[in-house]
Amino acid sequence: MNTISSSRFGKLGQYGIFLAFILICIVLALSTPKFFTVSNLLIIGNQVSINALLAFGVTFVIITGGIDLSLGSMVAVTGVVAATFAHPDTFPLLVPLFAGLAAGSAIGAFNGLVITKSKVPPFIVTLGTMTIGRGLALILSKGRPISNLSDAFNFIGGGNVFGIPFPIIILIIAFVICSVILNKTVLGRYMYAVGGNEPAARASGIRVSNVKMWVYTICGLLSALGGILLTSRITTGQPNAGAGFELDAIAAAIIGGTSTSGGTGTMTGTLIGALLIGVISNSLDLLNVTSYYQQVVMGVIIIGAVVLDGLGRKD
Amino acid sequence: MSDFILKVKGLSKSFSGVKALDNVSFELKRGEVHALMGENGAGKSTFMKSLIGLVTPDTGEILLEGKSLTGNDVNETLKKGISMIHQEILIVPELTVAQNIFLGREKEASGKSGLLAGWLNDSVINTKAEQLLTGMGVNIAPKAKMKYLSVAQMQMVEIAKAISNNARVIIMDEPTSAISDKEVAVLFRIIRDLKAKGVGIIYISHKMDEIFEISDTITVLRDGKYIGTKSAFDLDRSSLISMMVGREIDQMFPEPSQGNGEELLSVENLGSNGKFSNISFKVRAGEILGLAGLMGAGRTEIARTIFGLDSFDEGQIQIKNDAVRIRTPREAIRKGIGYVSEDRKGLGFIPRMSVKDNMTLSSIGNHRKGAFIDQRSEQSATERMIADLRIKTSGTHQKVTYLSGGNQQKVVIGKVLLASPEIIILDEPTRGVDVGAKFEIYKLIRNLADQGIAIIMISSELPEILGMSDRILVLSKGKQTAMLSRAEATQELIMKYAVA
Amino acid sequence: MKHNGIFAALFAATLLVGCNQSKTNETGQEGSGKKLVIGATMLSMQNEFIVNVADEMDAKAKELGVELIIVDAERSALKQVEQVESFIGQGVDAIIMNPCEVEASSPAIKLAMDAGIPIINVNSETSAKPTAFVGSDDTESARIAMKYIVEKLGGKGNILMMHGFMGQAAQIKRDNGAKEILKANPGLKLLAEQSGEWDRAKGMSLAENWIQSYGNQINAIFAQNDEMGMGAVKALEAAGLKGKVLVVSVDAIPDALQAVKKGTLDATVFQNAKEQGSKAVETAVKAAKKEKFEQQVLIPFQLVTKENVGEFLK
């Protein structure tokens, strides 16, 4: 009976964040002429890319009703692993890339395995992995940054193709692939089902554990991509890189309308969430606002997004 | 003072242009039990929500003892004397009975004022709760934690809370949906006591027998409109149903057609630690086997075991004379078993997913190209099923949570059917479904049987079991006590074996 | 059942503590046979500079034949105070503390003093006065860096400054030193200042955004540490501005030294980790033996430019 009102509100919630994003961009473009220029937009895209990749990963996880706090540590581990094999004139470029991605997938799969086998809540499992990962990064690097990386490796995070920074290209490709997985594949459908009602998903014949294994592994893989990008961008593998990245990524997903109770969320929403965070921190720098205020603004936006989401869901 | 405690005049409410309530009027007398009837979606819940201040009506007036209630919020209406016993009971499990009764009113209950009122005084509220509960003639310890109470006991606590609020109108929304017959008797005794004290009761239920037993007056709503109010004495079952449905239902149950197909499922000496033991039966293609018994007799547990949701430790299950091991629902589905759970919200569907996504959940393998979903084939399969089952939905993309109970149930049945099962277990298939949709579901079940599917139907409603089943297996306390043929089965006989 | 869990946790905790401590090998020392034990709590063993200080402390302890227990406070002042408490409980002969925070680490000083155990602060300060301080004056490092900028720009130009984590002792002192020089040279204009949180990626993003804002106006960037300075260099290179903008930072980490050698980073300021580490242990040993020691050992900073970078590269 109240069907129509409810679904319309739900959509408003999703468009709401998009409209808010456009509105903020217009305000910024009016307040500083430096904001809406091609070079600045490319820089924002570049700066957003790592957080967006992590946010895509965690969106999958949150849709299934889970959470992954180990993203930041995975960025550090995978960055350090990749850097270890990325010195000039040692291995071909594929080796560090493969090693980093494999390390990320392995940690992600470990998360998935422990979560599905032990029934310990993901919050706790990934909290543990977060600490383990940070330790591993320090062990592998002996606590020191790994620098002197090959030019080919440094191109990933620092190069341009036809004037477009390479990270943006990776971001776009990852966005398309993640959207396709979520919307067009059986796996994506199962993710929504598992997060929407796990017992019902199981009773419908879905292998819930398999879905979770996939989700955490994909999340690890995307974190590794983020870790490789970061390492390449700053041309060093830093064991203490990525601290707190998980929170930015989760924030992007939530701002984009992914519900922490599971079962809803879109990649487009998450991308907008990540862009919103990036645009705000970029423009506050342009306007020379101290970082103290940036944090307050970001917090207000996160809460605002969730409030909006809650209004949209009210029946 | 007039006889009427509550008067509602011309209440209307629209949600985004759809009229949920259309000019509804209603009158409740002192000491009257007034049943509010209507199919799901008839506007009962919007009406209730308007009364307690959860929904603000667009037009109309609500008068409690002559004073307008319009525009009040939940807390104000509660204070003024309208209480509601919700279908899903709202309690704080970790608090005690007494703490729950006086939740939010600790200051008043303690009888102190000023600064001291902030101090909690459990002994005062315990005494008060004790008096209330003994006054109602129920034996519940005020100091017991809420979470250890049965559903029926929780309900009593809610009623005690309403009484302590000095409620003059109590709304009961499906109060008997989760309690046993014995507990229903206690509830009815309390309702009669409240009546005698002049409390007006608005009673909502789908169970006809109850309505005729307890209510004095019946008001029917349909599609948000007021249909009529009649004395319970002047109505019989079929005239009430026709008021609710808007047409005569002459034949509730479709004609049976004895199935004589091959034996599809055979269960031998099935037992599961403590839940049931020594269960043996066979189901043939085209046959409907009814499973009857009281709550807790082990019916749902047997269904869950066959479907692989629970494990068993004795006996065996055969499908077409092949012994099978089923450890998960996935394996059960692959072996041709479908299960429509009694717990529709918990196990049946995924509320935030669309009709289409829910329906193809068990059979997505039939609509895939590699890892990808073949959207077109999925869409057409769903549309076909919506048409076959006559599901009322705005489209394949409508979220299931917004459908009525009957249509949600049809979506779940559609999901099971799309996986092409040969054996279907239906557990309370018409629970929470309104009368019109019930009839359609009965026809559907019979149709499926006629198509050669073996059906096991669990139901607590005896007329339903008697009307639908070809044979009836009766269970009592985890053991099978009788296998009755359609010809010999009667309500009395089933009950005799069910309590054996 | 429950007890097992607790024991397991305790056991794991013991193991972890064990891993955190690195003991020097046990060689005899002097005639007495009783070996001096020094406890050291370090700000963070995830920080390269601190690791270097700790390594040198370890080497020096071996050389002097004393036992050195190094624990990691993981940037938590509370943890640091607890670690000092347990050193006192173990009855060590001296304590070396690399303070996490100016105020919050101060109670540790009082605890050690009350127990009659000498406590030496290394690298950074606390508001409570320790037995001795070994380190460098952070204010001075910023002065040196800024003076270099003044010299290179001929006293005129536009400057940007990247801060560390706001409120930390190093950030406050480096800020003070830089502002001192800016005040003395009115020809220099501070276009903007912002925190890069000591982080390379953050420093890079900050520089990218500044380039959007100020572009060709920028003459120099002063970064309060090398990590951020390296980030700024990357951003400037990407924008094709490196040739025009001077970048100077502090710490002289190996990466920064390489960059100075290549000419991408114009200068860094060398803070002598080795000297700090070895002097800290020396002072602690002297204090424990009640010999004469200096209460304030200041290790001088050195400006590193392309001309002298060879001396610092191993």
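Note that the chains are named A, B and C in the order they appear, and that numbering of residues resets to 1 at the start of each chain.
Methods note: a residue touches a chain if its C-beta (ideal position, glycine included) is under 8 Å from a C-beta of that chain, and two chains touch if they have at least 3 such contacts.
Note that the coordinates shown come from a computational prediction; the quantities given were computed from them, not determined experimentally.
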| item | value |
| --- | --- |
| Chain occupying the most central position, where position means C-alpha average | A |
| Chain pair whose interface holds the most contacting C-beta pairs | A-B |
| Separation of mean Cα positions, chain B and chain A [Å, integer] | 42 |
| Length of the line joining the C-alpha centres of chain A and chain C, rounded to whole Å | 32 |
| Inter-centroid spacing, chain C versus chain B (mean Cα positions, whole Å) | 68 |
| Footprint of chain B on chain A - complex, ascending | 1-8, 184-187, 189, 192-193, 196-197, 199-207, 263-264 |
| Residue ranges of chain B in contact with chain A within the complex | 15-18, 20, 41, 43, 46, 224, 307, 309, 328-330, 332-334, 339, 341, 346-353, 357, 361-362, 364-365, 368, 371-373, 375, 394, 398-399, 402-403, 415, 419 |
| Chain C-touching residues of chain A, taken from the complex the two chains share | 32, 34, 37, 39-40, 43, 46-47, 138, 143-145, 147-148, 158, 230, 233-236, 238-241, 281-282, 285-286, 288, 290-292 |
| Residues on chain C engaged by chain A in the complex (per definition of touch) | 45-48, 51, 166, 192, 194-195, 197, 199-201, 204-206, 208-210, 212-213, 230-231, 234, 238, 253-255, 258 |
